[in-house]
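Here's a structure for you.
Chain IDs A, B, C, D and E follow the sequence of writing; residue 1 opens each chain.
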Amino acid sequence: MKTILQLKTMSRNFGGLMAVNNVSFDVAEGEIFGLIGPNGAGKTTLFNLMTGLTPVSSGELHYCGELLTGLPPHKIAAKGIGRTFQNIRLFKGLSAVENVKIARHIKTSSGLWSSIISTPSCRTEEKCADEKAWEILRLVGLSDRGTELAENFSYGEQRRLEIARALALEPALLLLDEPAAGMNSSEKHELTGFIRQIRDQFKLTVLLIEHHVPLVMNLCDRIAVLNFGELITVGNPADVQKNTAVIEAYLGGE
Amino acid sequence: MEEFLQNSGFLIVTMVQQSLLAMSLYYPLMAGQLSLASPGFYALGGYTAAIIGTHEFFTPLRESIGWLAFPLEWLVAGVLSAILALIVGIPALRLRGIYLALATIAFVEILRVLCLNLTITGGAIGIFDVPQLFESRWSYIWIFGPLLVMMLFFSYRLEKSRTGRAFQAIREDELAADSMGINPTRYKVLAFVIGAVLAGIVGAMSAPFLNTWNARQGTFDASIAYLAYVLIGGSRSIWGPLLGGAMLSALPEVLRPLKDSRLIINGLVLVFASIYMPKGIAGVISRLKRSLTWKSRKNGGEA
Amino acid sequence: MKRVAIAAISLLAVATVAQAELVGKPIPIGIGVAQTSNVALLGEEEVNGAKIAEKYFNDNGGINGTPFKLIFQDTGGDEAGAINSFQNLMNRDKVVGIVGPTLSQQAFSADPIANRAKVPVIGPSNTAKGIPQIGEYVGRVSAPVAVVAPNAVKQALKEHPNIKKVAVLYAQNDAFNTSESGTFQETVKKMGLQIATIQKFQTTDTDFTTQVTAVLGANVDLAIVSGLSADGGNLVKQLRQLGYKGPIIGGNGLNTVNIFPVCGQYCDGILIAQAYSPSADPKNAINNALVKAYRDKYKKDPPQFTAQTFTAVQVFVEALKKVEAATKKKITQMELAKVREELNKQIRVGTYITPLGKISLDHEGEIHQENFYVAKIKMNPDNKTGKYIYVK
Amino acid sequence: MALLELENLSINYGAIQALRKLSLEVHQGEIVTLIGANGAGKSTTLRGISRLLGLKEGKIRFDGKDITSAPPHAVVKMGIAHSPEGRQVLARQSVEDNLLLGAYVRNDKSSIHEDLLRMYRLFPRLRERKDQSAGTLSGGEQQMLAIARALMSRPRLLLLDEPSLGLAPLIVLEIFSIIRALNEAGTTILLVEQNARLAMQHSHRTYLLEAGQISFSGPSKELLQDERVLHAYLGG
Amino acid sequence: MGTAQFIQNFLNGISIGSVYAIFALGYTLVFSILGIINFAHGAVFTLGAYFTYTLTVGQFGINGLLAGLTIDNHLPFYLAIIIGSTLAGLVGVLLERLAFKPLRSRGGDQLLALVSSLGVALVLVNAIQYLVGAEIYTFPAEVYGTMKPAIMFKVGEQPVVIRTVQVIIFAVCMFVLAILGFLISRTRIGKALQAVAENQATASLLGINVDRIILFTFFLSGFLGGMAGTLVGTSFGIAGPYFGVTYGLKGLAVIVLGGLGSIPGAVLGGMVIGLAEAFVPADYSAYKEAVAFAFLFIILLLRPQGLLGRPMIQKV
C-alpha cells in the first residue's frame, strides 16, 4: 500500500519539556491508524505538529511525498488534511450549516467584490457550497438541526458536527482527536461504524487519538503508542495489546 | 417640517455619520479584531478633504473639475486610508484582544500629535473655510444617507459571502479557522482595511459638514466612544453599530434640557446599558421580536 | 391615514411660512459657550460674565424698557456640540443673536451656520486669524493676538534694556497660544533680539521640567510664555523654582486672576499683555460696575473672558437699542428675521464704552479696541491673591 | 452516615449535559475511586463538589450539612480540599508560599508551621525546592505540591483529580503509597483516576462513570474481577 | 549632552516616572485580577486630588453647586493625603460593586467592562464639575512644610536644579512602593491577591474569598490612583475635572510597556516613560506627547508581553 503520511524524527519541546521526542512512523493510504497513550503522552501535540498549529522543534513531516513542516495551518488544510479537536472547537455562535460551509472555503474562490455585486458565478458557487454542506450534514445525521446554533448541540452531536466540518474540506487524511470522548457505550459503538463508513465513502485515511481502548482495538488497522513523548511501539492491535511496555505505561502496572 | 429639519437636521445627519463610524469599527470586530483605529482614519480622511478643498496647490484642479472635487476627495481619502491601514495593519494585527486595541489607540494618538505639528494640517487651528457641498446641514443627508444604505447593503451581502464567513470563523475561533483552510492574517487585514476606508471616506465627507477640520477630530475619546456605540448597540449584527451610533450620539442632545447634569446622566446610561443589555440594543430588539412571534404563534394555536 | 399625514405636514409647512415670527418677550439673546468638557475651564468664566451683564443691563432698563433674557446652551468642547448649541439657540430658542462659542476651532465650525441663517454672532474669546472673515454676521470682541502681544515686549525692553536672548514657550495644542506665540516671535525678531530656544507644551501638561531645563541651558534674558492659566502658571512657577531670574512675559492666556493660586509668589513681576485690565482706568464706570458686581459675588477681580463676554452682551444690548431708534419700533413687535438683520447692521455702527474701554466693530466684524494694556503682577503677602498693576 | 453525599447531581456546560442525575456517597475513612473515559464527567463531579461549577439540579451534603449553595471558599473552610486536575500549582509563587496558601483558611500559626514540616517530611523533594517558584518543578514534583497544598488545610475529605497524570510509573507508585498513608492517618479520599487498575487496587470502593452517569459501582476488589467492567473500561 | 544636563534630565525623569508608576500600578492591579482595563482610573486619580484638597484647604471657588463653601476643619497634609487616598480607594470599591461586579455576575462580554467603566468616568468627571466647577484649585505652597522651593548642586561647573516638590514626590512614591511591595509579597492578603491574579479557580479551592480579594484590589487601585492624583495636584495644581485624562491615557502606555498585569513592570514602565520624556531633545518638545505612545506601539510589535510580562501562551 502507498504511504500517505511520513513522520521523520519529529520533536517538540516546550521550555525543556520534550512533549514529542523523536517520533517516526508511516501511515498508509486508506488505513485507520490509532494513536494511544496516557494523558500527557504528547498525542495532541503530535496532531498539532502535523497540522501546523505548533511549529516543530526538529524533524520532518511528509504528506504524499511533499514536505509540510513549516507551512501554516491553512496551507496544510488546503493540501487535504482535515482535523477535529480534543476540546471541540466549533464556531459556537454560528449555525451547524454555517460551520460546515466555512470549511468549503478552500473549495470556493469568489472574492469580496464578486460577492457584494453577486455575480452569477458567485451565486452558483454559493448554491453549490450550500448543497454540499447540507449533504454532509445529512450524512452525519444532523440535517434536521442544520440551522440551530452549534453551541446548543449535545456533546455527541458536537463531535459529529466537527467531523462533518472536517469532511467539508474533502480531505484525503482526517485527524480525529478523541472522537468518542463524552459518549456512552452505544454512541461509541455507533461512532465505530460511522468512522468506517466515511473512510470507505470518502476514500479517507484516518488517524485518530482515542482513550477508549476497546474502540481503538476494534476499529484501527494499526496503532502507535506514545508515552512521555516517545513512541513505544507501532503495530496491529493484537500485537500492541500484548506488548508489555504498553501494558505497563497505559493500563497500569500489575 | 422645514423648521424641524432646520433645527434637528444637523443632529440627524450627525447620528448617521456616527453610525457609519461605529460601523467602521464593526468590520474588524466581525473578524474578531478589537481595533480602535477608526478615529485616525477619520482624521486622515477629513484632512484629505480639507487640504484638497482649500490648499492653493489644488486650486487649478478644483477650478477645472468643479463639484467633482468632492467625490474625488472621498476617493483619495479612501485610497490613502487603505494604504495606511495596510502599513499599520499588517504588523499590528498579529496582536490579539486588548493588545490590538491599545496598539490602535497608540496609532491614533501618534497621528494626532503629528497633525498638531505639521504645517499642511494647519497646526492647532487646523483648516477652516472648507468648501461646502450643500447650503444647509440637513442636506448632507444626501451624501451620508446613501453611504449608510450602501454600507447596509454591503454588510448584508458580506455576511452571507465566503469572505464574511471567513471573518466570522476567525472571530469564533481563529485557530480552528486556520485549520479549516482560512488564512487569518489575510482576512483580518482585509476587515481592518474595510473599516479604515469607510472611516476615511466618512472623514472626507465630514470636513465640509463641520466647516473646519483640526487635530481634535481624531482622538482617544472618539476611539472609546465608537467602541461604546458598537457594544451598546450590539456587536453581533450591522444593526448594532447603526442603532448604537445613532442613539448614543443623540443622547447628549436629547438630555440637553437637563442642563448641568446631562453628562452625568449620559454616563449612567452607559453603565446601566452595559449591565442590563449585554447583547446591546440589537440584542434586546431581537429578543423582543422572538418573544412576540412566539406569543403570536401561541395565540394562533389557541385560536 | 397616509393622506391625513400628508395633509397635516403640508398644513404645518404652510403655517410656519404664513405666520411670520415675532421676537419673544423678554428678548432672547443666546449664549453658546462650553459649560462642560475640558474647555469648561474657560467657558465658566464666560458664563459668569454673561450672567452679570444680564442682571446689570436689565436693572438699567433693558432695551429701552423691555427686558431681555440670556439663554444658555452648552457647546461642550467639540465642533459638533457648538453647531448643535447654535442650532438650538437659533431655531428653538429664537434668539436675536448669539454670544459664543468658546474656542476658535468651534467658531470655524458653528459660525458659518449662524452666518447662513443670518443670525448675528459675537465671539467673546475667538482670537484666531480669520474669524470675522467667516461672514458678514460674524464679529468678535476679543482682540486678535497680533495687536495685543507686541506691547509687552516693548515694555520689557524698556525695563531691561540689556535683553539679547529670548526663550519662547507656547502651548501647541491651543490655537490661540500658537498664533500668539507666532506674533511674539515676529516681534522679537523685528526688535533685533535673538530667539535662543522655542519650547512647546500642551495645555494639558503638568510637568514642564524638560522645557525649563532647556530654557535654563540656553541662558536667556527674557522668557515669553503663551499658555492658559493652569499650564502657563505652572510653567512660570517651575521656571522660577528652578532658578530662572530674568523677566517673564505672559501671553494673554495668563491674563486671569486664576493664575495667582497656580504660581503663587512666583507670579510676582510677570509682564502681561492685556486686552482687558480691571484696574487700568478708574474712571470707566461700566468697568467699575462689572468689577464691583464680580467682587461682590466672587470676591475677586473679573478675568478677561468674563469682561469680554460681558462686553459681547453689552454690544447686543446697545445695538438692540439702536435698532429701536432706527426703526422707531419696539423690538418685540418686529419680525425675528428683520431684527436679526437690523441688529447685525447696528452692531457695526458707532462705538461702545465697555469694560474693555472704547471699542468699535468694523464692517467685517473685527474689533477695534482703543486701549491695550501691559500690566505687571504684584502678589499680596498671602501669596494667593494679587493684582495686575497697570504699567502703560 | 455518609461524610459526603451527592443526590441527583446534574451539571451543564452550556447545552452539554456533563452530569446526569449522579448520586454517590463517600463514608468516613474510605478511599473511593471514580473511573471512566475522558469526558465521562469525573472531573466535573469533583468540581461540582468543591462548588467551582454551578449545579443544574441536585443536592450536595457534607457531614450532614447541605452545601449546595455554599461558595467555594466556604467549602474549603468546612473541610473539603480539592487538588485539581493538571496540578494547577501557582507557578509564579514559591513552593513554600504555595503550601502556606494551602493553609489560608487556618489561623493557628504554630500548627501551620508544624504541618509545613510534616509535608516536608512526607515529600522531602519539596523541602529541597521550597524557595524555587513552583512553575520550575517537574511534573511529579508539582503533583506532590498540589497534594501537599491540599493537605495543608487539614481536610476531612480530600478530592484528588488525576494524581498520576503524566507521571513516570515509579513516581505514580510513590504517590499512591502516600495516598494510602494519608488515608490510614484518617483522611477520607475521593479519587479520580484514569489509571484504573492502579486506582482500584488502592481504593475501597469504585464508581464507573459513563457519559455523566454511574454505570457500575461496588467494592473495588469485586469490580476488578467484574468481566463487564473489564470489558467496558479496560478492554481486556 | 553634558553630564550635568544628563543628571538633570535623569532626575526630572525619575520624579515624574515615579508618579506614572504608582498611578499605573492601580491600573495593572485590576488588570492582573480581572483581565480588564478600568477606564475610570483617570477619574479616580482626579477625585483623589479633590478629596485631599477638600481636607487640607476646603475652600471652593465660584462655580458649581458648592461654590463659596468653606470648610474650616483643616487636616495636616500628610494625614489628608492618606484619608483622601483612602476615600479614592472607597470610590474604587464602589466602582467594582456598581460597574464591574454586576457585569461579571451576569456573564457579559468582557469588553462591556470598558464601556461601563467609561460611563463611570463620565459620571465622576461631570459630577466633580457639577459640584465644584471646572476652575483650577491649587494647594498652598506650605503643604509640605516650609522648605526651599528648589535644591541646587553643581556637577563640574554646571548647575543641576531640582524642585523640592519633585524630590518629595519621588520619596513618597518610593515609600508607597515599598509598603505595597511588602503588602503584596509578604502578607497573607498579598499572597491571596497574587494567587487570585494567577488563577481564580485555584485560589478559591484554597479557601480564598475571591470576591473579597477583588474588592481589596479595587481599593488598592483607587488608593494608589488617588495618591498619584494628590501628588501631581500638589505640584501642579488641580487643573479642572479633566485633569486625570492625560494620565489615564499615558498610564495605558506605561502598563503595556512594563507588561500588562505585572507589578514590577508597572514601576519599570513608569520610570522608562518618565525618563524617555525627560530626554526628548528640546527642539522636538512638540513631539513629547507622542513619546509614550510611540513606545507603546513599538513594544507591542516587538514584545507584546511587555518588558517584564510573561509571554502569552495560547492553548491549542
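By definition in this document, a residue touches a chain if its C-beta (ideal position, glycine included) is under 8 Å from a C-beta of that chain, and two chains touch if they have at least 3 such contacts.
What you see is a predicted model; the values in this text were computed from it and never measured.
Number of steps on the shortest path from chain B to chain C, with steps defined by chain touch: 1. Touching chain C and chain E at once are the following chains: B. Pairs A-B and D-E differ in how many C-beta pairs touch across them, and the larger number is found at A-B. The most distant chain from chain E is A, comparing centres defined as mean Cα coordinates. One finds 32 Å separating the Cα centroids of chain A and chain D. A straight line joining the Cα centres of chain C and chain D is 75 Å long. Distance between chain B and chain D, defined via averaged C-alpha coordinates, is recorded as 52 Å. Residue positions 53, 85, 92 of chain A each touch two or more of the other chains. Across the assembly, chain B contributes 116-117, 175, 260, 263 as residues in contact with two or more other chains.
The set of chain E residues touching two or more other chains comprises 126, 129, 286, 289, 316.
Residue ranges on chain C touching chain B, taken from their complex, read 9, 12-13, 16-17, 35-36, 72-74, 76-81, 83-84, 87-88, 91-92, 104-105, 108-110, 112-113, 116-117, 128-130, 134, 172-175, 177-179. Touching chain D in their complex are the following residues of chain A: 38-41, 92, 151-155, 158, 178, 180-185, 187, 211-214, 216-217, 228, 241, 248-249, 251-254. Chain contact summary for the complex, chain B toward chain C: residues 1-3, 6-11, 14, 116-117, 123-126, 128-129, 132, 135-137, 210-212, 214-217, 252-253, 256, 259-260, 262-263. Interface residues of chain D, counted against chain E in their complex, comprise 50, 52, 71-73, 76-77, 81-82, 84, 88, 90-93, 97, 100-102, 104-105, 149-150, 153.
Taken together, the chain C residues at the contact with chain E in this complex read 36-38, 40-41, 43-44, 47-48, 172, 197, 199-202, 204-207, 209-211, 213-214, 216-217, 229-231, 233-234, 238, 240-243, 258, 261-262, 264-265, 297-300, 383-384.
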